[in-house]
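Naming follows writing order (A, B, C and D), and every chain is counted from residue 1.
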Amino acid sequence: MFCFCKDQCYRMPVFFGGSDYDATYEATAFDALTVSFVQETSREALNCYLPAGFTLLTPTITYEYAQFRNVNFLAGGAYNIFQASLPVHFEGKKDSLDGVLPLVIWENNTIPILGGREESGMPKIYADISDITTIDGSYFSSVSFHGNTFLDFDVSNLRPCPESQFSSLKASYANINAIGLRYIPHVGGPGADLLQLILYPQSIVPYRIYNCEGSLNWTKLLYKKGLIHSIIVEQLSSLPLLSMSNPTLTKGKVIMRSPLCRVIK
Amino acid sequence: MFCFCKDQCYRMPVFFGGSDYDATYEATAFDALTVSFVQETSREALNCYLPAGFTLLTPTITYEYAQFRNVNFLAGGAYNIFQASLPVHFEGKKDSLDGVLPLVIWENNTIPILGGREESGMPKIYADISDITTIDGSYFSSVSFHGNTFLDFDVSNLRPCPESQFSSLKASYANINAIGLRYIPHVGGPGADLLQLILYPQSIVPYRIYNCEGSLNWTKLLYKKGLIHSIIVEQLSSLPLLSMSNPTLTKGKVIMRSPLCRVIK
Amino acid sequence: MFCFCKDQCYRMPVFFGGSDYDATYEATAFDALTVSFVQETSREALNCYLPAGFTLLTPTITYEYAQFRNVNFLAGGAYNIFQASLPVHFEGKKDSLDGVLPLVIWENNTIPILGGREESGMPKIYADISDITTIDGSYFSSVSFHGNTFLDFDVSNLRPCPESQFSSLKASYANINAIGLRYIPHVGGPGADLLQLILYPQSIVPYRIYNCEGSLNWTKLLYKKGLIHSIIVEQLSSLPLLSMSNPTLTKGKVIMRSPLCRVIK
Amino acid sequence: MFCFCKDQCYRMPVFFGGSDYDATYEATAFDALTVSFVQETSREALNCYLPAGFTLLTPTITYEYAQFRNVNFLAGGAYNIFQASLPVHFEGKKDSLDGVLPLVIWENNTIPILGGREESGMPKIYADISDITTIDGSYFSSVSFHGNTFLDFDVSNLRPCPESQFSSLKASYANINAIGLRYIPHVGGPGADLLQLILYPQSIVPYRIYNCEGSLNWTKLLYKKGLIHSIIVEQLSSLPLLSMSNPTLTKGKVIMRSPLCRVIK
């Protein structure tokens, strides 16, 4: 008979065995390139996305592309990410902390999508996300679904950031509190069978950080061409654009400490 | 503030809105081609995969390839499946029924993988699964991970099945009770935060069924080349091979009634 | 020693052997779906694309999408095409004929690209071209390069064409004279080492033809994002748009008689 | 009217314009990782692949994988290669030189395939070639067609090569005479319309070279599963295996001087 071993961790399919819980395991992308844009928008518009207990630290939304290579849980493989997140304070009954609330995370590899969603409540969905390409000192990539581009960006004029900025960013990257809202649907009707807020500790260890110029462009898609992506793009691209920061480009290492995830209340 | 609407169904990301619950919705592949092999093996070996409450109807494991096209929830798009399942009887405290217990379902599209896992506990994981190709009356496909083939099959000598066989199979396909073990991991340690048996009603409406000859071949992979796939392949390919049925090839329509899923006990 | 067999046909790599010349061989897509748009534009603009000996039959450019499945030279595999072509009369020293001059043919499979270019001078280049998807009676697809969509189209409101139109189109599809300008570059400098006009006889055998409504949309790309595609898109999308026909959608079989190609002069 | 500009270089499609001839242009992969295996085999078996004028320098065949990133002619994009080549001396009527004769070059990007075949006679064909992955100090990749793996290799136990070996290899990599047999088929029958031997000067600039242990494995495929690949695999995997060298892994830069190609006789 199939039985769960009490001290083991499982993922579906469960039938072929579990694995030991290892609190020290770090999911790591040893070769990471990230590009960040910070958009200033209206507090009112963003508040619509904040669950109870959350407040905005600043009325901004951060868009971040990441190209992950030499990823340990993929046997040295690679994947790319594009995420939209809000800087938040969470004030719960037990927990009080600052963090980052991802609204959506597009990824081009199913393996981290499954782990991130089911273990940490990260709102990950699949999209095609091209590797960074570069020509004449500019870097660019695009995000698409079934051949339909819905987002692209360019950065150029890379200048190494000043030492003080590097130190400050490095410190802020050392302990990132990503927060997921794990929602597992109720079977056979509306609502959830499981609903939890999960804190997911992550770090970026920067080797080099560049200040850049650049732009980020949305292309709206009809529902039939983009399905769920269309709806998300419609909403995000409609946020008031008060200002867009100059982007930064970071090369470094990204560490995701999924065994240290914990439910916050 | 973001609030869940009480009567809505959500999936992660939840922030962009939910959808109405529609009990009549049928996820449908209007153009489906399936190939089935039934392997007779030892009851003892299969029993290791049966959770409490389950018994084998026959000591067999069914391997089924499906090429789904014109899929309504993909805006007419396509995906392919390869699954291993057991014919089971479930005798619970409340429920008593015959069904099919998938041990693993490989799919090449993340969208149905997410829905199937989170809403129905289907043990779906990603693999590259080629479309059926055909030459000189034989049909073939293969399943691979990161360029490493771990399964392939061939069928040939297709003969339309006799009318009586068609009627019998059609009847058996009309109400398929797929059963999933939805396992959502505990946060920050071994075990589950949610563990349910879910009945997922499905149907195949056959247009044509063929009896064929054919073969199914596994290629074992080192862990580093196949990750979780290696472990599954290792186990499935090691099941005693008492006999392998002649395969059948079916063209038809497949209907998955996810809103009618229910927890069984 | 490696020698060419005098009566054999070779393709690079030549070292592993040639194949017999078979004048009756027909490269065939047994399951083809095509969508055609005809744009009326200025004769002057199109004349810039006509080599010596060619004149326009009408001042129009035809855009044609094709989804080819069950292709015999791909062991039953599939590929998609999007081409821009001109209706032409060729008046040479020896030959006088009407035909179709493709300006560019995008394809998503390298095998027919190589054969078409090297054996017939067809101006084929690679792009990602999505399978037709369909929802609520509309059909659509897009063409992209490295995640950047540069072309997409929609058709809807399909109505079977009248019998007289079917007969007329069927007749016109029976003998299509595609004409390629085979240009093999000079080694180590400008110019060509081989330059020929090649007539490539093809047929479409329609099973069903539909009149539709629809639209075709170009998205210009910066050179760095689209390379050669950017230049082509720039030029084609800049052709004066005097009118765009309603599209037709055809289901049928496509036959390409590459062994019957001949040089025209 | 469309006319060729006398001093311009063209590729199909020619209609959208040519480009200047630039003898100094270097197609460059700024980030290249290569893995080489040298198989000792029978001189007799290899002689079957040598056109008139060629003799073997040693009775060996070299298998080389390359992962090219940051490629200038792909706007910073990437592609992978796997090639089989012979070390040869060419003694022609005019030219006498040592070089490398590729028998087949698999690549996973159509753009360099087209350029290499048509401009330099390189025997390039498409295959899926995975990026190098790495786990526990071993590196591996595989080559497949339509989901069917036909070649894979592993290297491990990397040790930086001694300085003297580095210098010697660096010198030998500085001027690589790749030789292509450009074969453009005759139209409408057996034979060639253009047949030339082309010398293609290339360089590898190594940054680091490692001596390794490893293995290279072929998987034969039925014709229907591998098409032309099946035939090539059949022949190469059947070469007598007298010994296989330990592999080397090189990180560096690869430069291909296509404008300096020249016909040799």
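Here is the rule we go by: a contact is a pair of C-beta atoms (placed from the backbone, for glycine too) under 8 Å apart; a residue touches a chain by one contact, two chains touch by 3 or more.
The structure presented is a predicted model; accordingly, all values stated were derived computationally and were not measured.
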>> Just to confirm, which listed pair, A-D, A-C or C-D, duplicates the contacts seen in B-C for more than half of them?
In response: A-D
> Where the CA atoms of chain A average out and where those of chain D average out, how many Å apart are those spots?
Replying inline: 39
> Quick one: chain A and chain B, Cα centre-to-centre, how many Å?
Replying inline: 30
>> Counting only residues that touch at least two other chains, what does the list for chain B look like?
In response: 74-75, 77, 133, 135, 146, 224-225
>> Taking the touch definition from the header, please name the shape of the chain graph: line, ring, star, complete or other.
In response: complete
>> Quick check: in the complex, which residue numbers of chain D touch chain B?
In response: 128-130, 133, 135-136, 138, 140-144, 146-149, 152, 219, 224-225
>> So in the complex, the part of chain A that touches chain B is made up of which residues?
In response: 1-4, 6-18, 21, 47-52, 74-75, 77, 103-105, 110-111, 113-114, 117-126, 146, 181-185, 187-194, 196, 198, 224-225, 227-228, 231-232, 235, 259-263
> In their shared complex, at which residues does chain D touch chain A?
Replying inline: 70, 72, 74-78, 131-135, 139
